[in-house]
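Chain nomenclature is as follows: A, B, C and D, assigned in order of appearance, with residue numbering initiated at 1 for each chain independently.
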Amino acid sequence: MLHLGLIAALVLLQFILPAYHHGNLARIMVLSVFAMGYNIMFGYAGLLSLGHAMFFTAGMYGMGLSVRLWDIPVGPAFVIGIFAAAALSLVVGLLALRTIGVAFMIVTLMFSQAVFLTILYFNPITRGDEGFVIAQQVRQIAGLDLSNPTTRYFAALILFAICLLAVLWLVRSRAGRVLIAIRENEERARLLGYDTWAHKLAAVVMSGTMAGAAGAAYGVLFGSVGASFAEVPFSILPLLYVLLGGPGTVIGPFVGTLFMFYLRDLSSSLTDAHMLVAGVVLILLTLFARRGIMGIVRERWLKWLP
Amino acid sequence: MVSKKISDFKPSRRKVLTGMAAAGATTALPGFVPFVQAQSSEPIRIGFQVHRTGIGAAYGRWYDRTTMAAAPVINDMGGLNGRPVEIISEDDGTDPKRGAEVVEKFATHHNTDIAYGTLFSHVVVGSAPRAGELKMPYFVVSEGHHVASGMLNRWTLQPGITDVKSQVQAMAPFVADNLGKKVTMIFPDYAFGHDHRDFFSAAIEAQGGEVIAKLAIPPTETSFTKYFPQIPRETEVIYHVMVGPAVLTFVKEMGEFFGSARPEIFGFIDSLEAVDLATPGLEFLEGTYFWEGMPRYAQENQSEYDKFYRAAIGVDNNGASVSDPKDVSTFAHMFGCWETLHTIKAGMEAAGYQGTSDRAKLVEAVEAMTDMAESQAHPQGAKVFNGKTHQVFGPQYISQVQDGRLVVQHKTALEDGFYPDEVDYTTQSF
Amino acid sequence: MEFGPHLILAVLEGLVQASVLTLTALGLSLVFGVMRVVNVAHGEFFMLGAVFAYWVASWMGGPAAIGFVAALIIAPVLAGLLAVACDWLILRRLDYDPERTIVATIGMLYVIQQVTLMTYGPDAHPVTPPFNHRLAIPWFEFTENGFEFYYPWGLSTTSYKLFVIFAAMVARMGIWLLMAKSKLGLILRATQLDGETAQAFGIPVERVYAFVFGLGAALAAVGAVLIVPIQQAHYLMGHDPLLLSFIVVIIGGLGSLRGTVVAAILIGMSNGVISVFFTPTLAKILATLLVAFVLVYRPQGLFGAKPA
Amino acid sequence: MAAMMLLSTRKLSRHFGGLRAVENVDFDLPEGQIRALIGPNGAGKTTFVSMLCGRIPVSSGDITFAGENVTRLPAHKRIQRGMAYTFQITSVFSDLTVQENVALAVQSRLERGAVLAGEVAKALAKVGLQDRADQIAGDLAYGHQRLLEIAMGLGQSPRLLILDEPTQGLSDGEVNDFIALIKDVAKDTTILLIEHNIDVVMALADKITVMNFGEVIAEGTPQEIHENATVQTAYLGG
């Protein structure tokens, strides 16, 4: 109910928001798909990755290079992007899941860093750090101009709604419960007869694919593809979004993304030192809201919140 | 006095540069239609996308100072079409994603008339699509070839600084004729470095020389000596261009590597932009050559425009802050901000710009520009603007380090930097 | 350049990097080992070490050597005290919960970076080395006259770089003596093994944690002071040392000081040596993947015990 | 005889470095029996059963379960074949509700789409936790957590239920309830029980295996073990 309500509210907001916030919200929805993907792995399965930017980038470049090199229309290119991310997450999952804990963090970080450097290395194809533009005239699906603010908003909303409902379905499903069990106590889950490795691999692939969908959508909706999306800070972002919003809650990643976006935006209107504000808020939140914003809401008021 | 005040610079988010002088001057100026005055004495709002944090912050600080110095000068001259200019700054963190958001914020939140000022090319490429969709004139000061290559859009223009392709093409004859034909290039593995690599290789071959090795240094690298052995022994000229906080390490280690047996060295001043030449470890640079966008040290034949420009920003004859001689400016690049703002002024006046509905007219007016005479508005030198490619072409300077100062040896002609058009933006619809 | 001299040069460069890296990584390893927290702000204490060094050196004026020595003493102390304050004000109140510590230290990272940007500025500033002579290194070849020495083009190092290698070795000895021979070391090792039991034996664990956090930051700062005459102080310089230190600590095996030192030398050297064979960016890619695959196939690190 | 064996090991060993935690154990457990495994601390009991269920890999030897060699199978596959293991240290999912804990145990053996609720309720009712189904497991009293642990074992309806010190920390009343519960469960489940409480062992076990220093030193009915001199030495003189 709450989640359908959120989607309905977002539909309504399209008609009443001023242009600036309207545009922001479209971005926030795409970025929160990235965060929701991250949440599957981190919030539910308990796998802390520091390399999620590579999946986002795989989707983005899978889509972007298809358009740039082979003039594939953005619709099919978007699908190619998602497949690219799925394939990468499968390979990374197969390798990285041999490790746990901090080693897993480092391995994902290293793979992501290698992806970033590879983009630079193949600069004749990728245009290196600068990246390239997906021209406005090709950003169309079925005659709809995706650079139009309203279309863009609804495209972002559709992707967001699909992913939100998918995560909701996942966590209410038995598989979702197993992921939580793995997060809580992996050995116990294994000794209840679950192939925890396969579940974790599935979580990595779902998570990476969702991140890739966000990356491909970002390129399609906002028109630029670049290597800065593969850099380490962009892997830290979803972690922050999820931790602030409330790990292991379906709606938390969206709340966290919204919060961080406006924290940055508003504080940069007040002061140059927006990083200082962000830093202090992060510290305060960890001191006084240990399970993130939605975690607190769940603890205090809505115990049933998935 | 002015310079003193501005050099006590503190980053501030917004500076409303209206002021009495501007208002007084406009009414005194002839040629203004009264109803224009009556209708809009509101300031023209220029959204300034500035690298205040992130890797570009060292440049961003001086782009900011130049912009904040140019605005009152423009207001003293009567502002834009009789209206004062207001600069609205927003930090982009030298991040393309945030850059696009900032452009959006200018257009839909601050309601600025135009956006301006971006330096790092990946931020330009990340932001320009949004500017195009929002139909917002976007004046960049980045020297990237991205504008003239045709990858951006009709709303993006670069009228204040020459692009890298033109710069390196103009350098090649001097390098081949005076320094040597066998060149080893060292450049950052960024798109910016790739422009150098591709265009200089082609240009030096046209001069009968060749690039015998290319060392692309990965970003964020902090030590360089280990790569230098890849420089072939038969190298006659080292061509170096580096950016980022590690540039000084790079140059020092290069000196330590060669010792007394260095080949000729030709570098882009980017490798030492904002770095004091008197820093220990740089002595070996004596006698080497640098490209400069604008000469850091006031030359013997200094123009009055150069003098005025330095005074307005608060930069001394050594290119350093008047209040702190160790605070060296990004002199070879930041003139682009000054000149771009003056070009915007000229464009708005030519277009009779009244408000955001005249944005397309502004772009057309700038596209119609050609010659820009050396003047207070263009202290770096006379330029030609190519309306089809949205790119300006100016003179380039080659200086030699003599007694720890950069002394201009050669100033290229505009024609040295011309190349065939790769795009005609004027054929695109708005 | 010929292969032999090239390799020697790469090894020397690798040793300098490794020397600084061992100190930074030892700091992280202590914090990680004893307190079991991931300190994302560790690189920022490194950066602060460099920035403090610049401030101390320029405030002292006079001969470079005096400024440098003063910086070598004052900068780590300041960085350490600041870290102790962070621990006391923040981490202690989080009960060192792993996830929240990560977020809190990311917050600290932002705050430290921004404050440095606002006070120190965005430019990179050098510290003058106390001494710095270029030393050409001889190499040999077989000619018609037999075995001969000569000075190959470009093969050199500087006296200061040799000093860095030496100083780091001394510092490592100091740490080893502290950990292995002193009462303080015993307390640290006991806390590392089992904090609760240590508490039961009357060890003031909270104060030990604060001390360790400060010591970790100070070690990072010592590394930074040593490197800052070669590489300049800059407000974003903490990024690489953080990543590399983490890699070193994990590859070395958690809690193994010997492993940390060996891994730092391996990582520092492999960066240098791989660059002998490949173009720079490709070398970086390969070095990165090498680290990843070492962990994939030996998750417990080189010197960690294999879990049962 | 062999056909009736649910579980057998042959020369099963586990070494940690130089330490021989379990050495050459031959062990047979027929279907339907309640078997107790006893021995002093450090005798290798937990290591032994951990190898049975696949928590830790074997150094050498073989394990046969229901006629199939499972030595190389990963833990979850052995569980799927009908083993269940409850932990020595309570190891419930403390952030989930009681009901969800048991549901996790039940759903692993059920077909996709089958209804869980009935099975979950049945398992909870058996241990008497039905009234606490919606509580967060971590909030339960210790004794209740132990019962939940057993309910999770029951939820799997295993052919072999391995209980590692199930009565540790329970009150006398709770222990009596436990004995009754196990007797009930044993009607259709084979049980392997590690237990220190000798009263519980005597009350429940059909047969007892005694381990010391990683080896089986005696095996027999409760009466036989009670009278066995070697066992006496191991407990008292060791």
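One rule holds for everything that comes next: a contact is a pair of C-beta atoms (placed from the backbone, for glycine too) under 8 Å apart; a residue touches a chain by one contact, two chains touch by 3 or more.
These numbers were taken from a predicted model, which means no experiment stands behind them.
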Farthest CA centroid from chain B: chain D
Chain B to chain C, mean C-alpha position gap in Å, rounds to 37
State, to the nearest whole Å, the distance from the C-alpha centre of chain C to the C-alpha centre of chain D. 49
Between chain A and chain D, what's the gap in Å when you average each chain's C-alpha atoms? 43
Among all residues of chain D, those touching at least two other chains are none
Chain A residues touching 2+ other chains are 117, 120-121, 272, 274-275
Residue ranges of chain B touching at least 2 other chains are 11, 53, 189, 218
What pattern do the touching chains form: line, ring, star, complete or other? other
Each pair of chains that touches is included here, namely A-B, A-C, A-D, B-C
Of all residues in chain C, which touch chain B in the complex? 1, 5-6, 9-10, 13-14, 16-17, 114, 117-118, 121-124, 126, 128-129, 132, 134, 136, 153-154, 156, 158, 230-232, 234-237, 239-240, 271-272, 275-276, 279-281, 284
In their shared complex, at which residues does chain D touch chain A? 53, 55, 74-77, 79-80, 84-85, 87, 91-96, 100, 103-105, 107-109, 112, 152, 156
Under the definition above, what is the set of chain A residues touching chain D in their complex? 174, 177-178, 180-181, 184-185, 187-196
Residue set of chain B touching chain A in the complex reads 11-13, 52-53, 90-91, 95-97, 100-101, 104-105, 108-109, 121-122, 125-130, 132-133, 144, 146, 151-153, 189-192, 194, 218-219
Which bits of chain C are touching chain A when the two form their complex? 32, 38, 90, 93-94, 97, 99-104, 106-115, 117-118, 239, 243, 246-247, 250, 254, 281-282, 284-285, 288-289, 291-293, 295-297, 299-301
